[in-house]
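Going by the order they are written in, the chains are A, B, C and D; count residues from 1 in each one.
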Amino acid sequence: MKIEENILNEGPVTQETISYWLSIMGKNKNLGGHSIFIGQVRDDVKGLKKVIAIEYSAYPEMAKKEAGNIKQEILKEFPDVKDLHILHSTGRVMAGEVSLMVLVSAGHRHQAIDACAKTVELIKGKLPVWKKEIFEDNSHEWVHENPA
Amino acid sequence: MKIEENILNEGPVTQETISYWLSIMGKNKNLGGHSIFIGQVRDDVKGLKKVIAIEYSAYPEMAKKEAGNIKQEILKEFPDVKDLHILHSTGRVMAGEVSLMVLVSAGHRHQAIDACAKTVELIKGKLPVWKKEIFEDNSHEWVHENPA
Amino acid sequence: MEIRVLFFGVLAEVTHTMFKHYRDIASYSDLMFRIRDEFPEIIHYNYRIAVNSEMVNEDPELKNFDEVVFMPPFAGG
Amino acid sequence: MEIRVLFFGVLAEVTHTMFKHYRDIASYSDLMFRIRDEFPEIIHYNYRIAVNSEMVNEDPELKNFDEVVFMPPFAGG
């Protein structure tokens, strides 16, 4: 498994991209479980305005490095994990589109599931990514917190 | 969401089937996260013999009913869950092929992730499904336990 | 009464059948007696019983045409 | 020394730039002084500093051509 790799994806993560990663992950016959998380932009209403998109920016060099750190932390805690892929959008992602994909493959289900859940939390806490919500009237608001 | 539905899938769950479910789950713009578990047959070695496949049998009427019970239990514990799909193979599934897919969509990530993990455990514990491991020499052994 | 009996998993192998039809059954314990008489090997296995796809414990009341199901421990996934 | 400065997230909006080049910088505190002087609004925001994509706390030693990065709290996902 490559530790440092570019995890940033320009624009939304498409169904084709997700299907591609799913199709290659199953090649290894000693894997027992894959756990996948897909994060999608919600059309939340803030005050009176509806969110139509989120615009993501990232610090690419550090994102690559932090993604590597996240992988190493996961592999250390979950030695049964054989593969871990992360894709995070940059730029504009419309409501209903996918902005994050985490895919974890392991020999057995518990480590696949727990490692995927932990990876999502580490991404939220450690990846140098910022987002602003874009509203119907084209105004925007920076998201400062990480609500669950 | 339909509560009682047939979750049994004759033979392996194919990549096409998984991609199909992924493509329809994202239609709802008020969803924030999807958590997916994919269980795959491992080519374990038991003693000196390699597992080449698992053959599943199920009690269909009860499987349908128990799947409905599982869904209701999940929706009660995780009210943010908007959609839950289960597919479980019957018949022969070769090593490297998929025998279980669980897909949970929710408004926010934590409930999607926790509900998916719990659904997998409920399936292991409550679904009337049995399996035997088929070895290279065509002998077989019934699996009596549920190792993690 | 007439009772339909299903065997799943390893029990289908042990009994060499997935399905049996019993006539003139007086009660659940009468049925169990006849099954154990016909398939004495099954006492070596763990199983639970369902009637019409509903799990039962004790000594259920059977009706004509009920389906009695022998289920070894589940092993899905 | 020459220092490259990057602003991310809301700070790029507040400073109206993502990138600044500073010359004749004596030290980290000299750099910070000049940035706060040029963009007084940034004191209203929370941020952390990275140097060459490594998070720093205190008062790091800067070298010529280092990259100093202003990062508001992360909000990925």
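Keep in mind that, in the parts below, a residue touches a chain if its C-beta (ideal position, glycine included) is under 8 Å from a C-beta of that chain, and two chains touch if they have at least 3 such contacts.
Model, not experiment: these values are computed from the prediction.
Peer 1: Please identify each chain that touches subunit A as well as subunit C.
Peer 2: Touching subunit A as well as subunit C, we find B.
Peer 1: Just to be sure I understand the contacts, which chains border both subunit C and subunit B?
Peer 2: Per touch definition, common to subunit B and subunit C: zero chains.
Peer 1: Based on CA centres, what chain would you say lies at the far end from subunit A?
Peer 2: Farthest from subunit A by mean C-alpha position: C.
Peer 1: In whole angstrom, what separates the CA-based centres of subunit C and subunit D?
Peer 2: Computed from C-alpha means, the inter-chain centre distance equals 74 Å.
Peer 1: Rounded to the nearest whole Å, what is the centre-to-centre distance of subunit B and subunit D, using the mean of the C-alpha atoms as each centre?
Peer 2: Once rounded, the distance between the two centres reads 49 Å.
Peer 1: Averaging over Cα atoms per chain, report the distance between subunit A and subunit B in Å.
Peer 2: Averaging C-alpha atoms per chain gives centres 23 Å apart.
Peer 1: So the centre of each chain is just the mean of its C-alpha atoms; given that, what is the distance between subunit A and subunit D in Å?
Peer 2: Subunit A and subunit D have C-alpha centres separated by 27 Å.
Peer 1: Find every residue in subunit A that makes contact with two or more other chains and list them.
Peer 2: If we look for residues of subunit A contacting two or more partner chains, we find 39, 109, 120.
Peer 1: Listing for subunit C: what residues touch at least two other chains?
Peer 2: 77 - these are the residues of subunit C that touch more than one other chain.
Peer 1: Go ahead and list every pair of chains that touch.
Peer 2: Result for touching pairs of chains: A-B, A-D, B-C.
Peer 1: For subunit A, which residues count as touching subunit D in their complex?
Peer 2: Residues in contact with subunit D: 39, 56-59, 61-62, 65, 88, 99-100, 120, 123-132, 142-146.
Peer 1: Using the touch definition up top, name the residues of subunit C that touch subunit B in the complex.
Peer 2: Answer in residue numbers: 6, 8-10, 12-13, 46, 50, 53, 69, 71-77.
Peer 1: Note which residues of subunit A are touching subunit B in the complex, please.
Peer 2: Residues 15, 18-19, 22-23, 26-40, 42-44, 95-98, 107-110, 112-113, 116-117, 120, 147-148.
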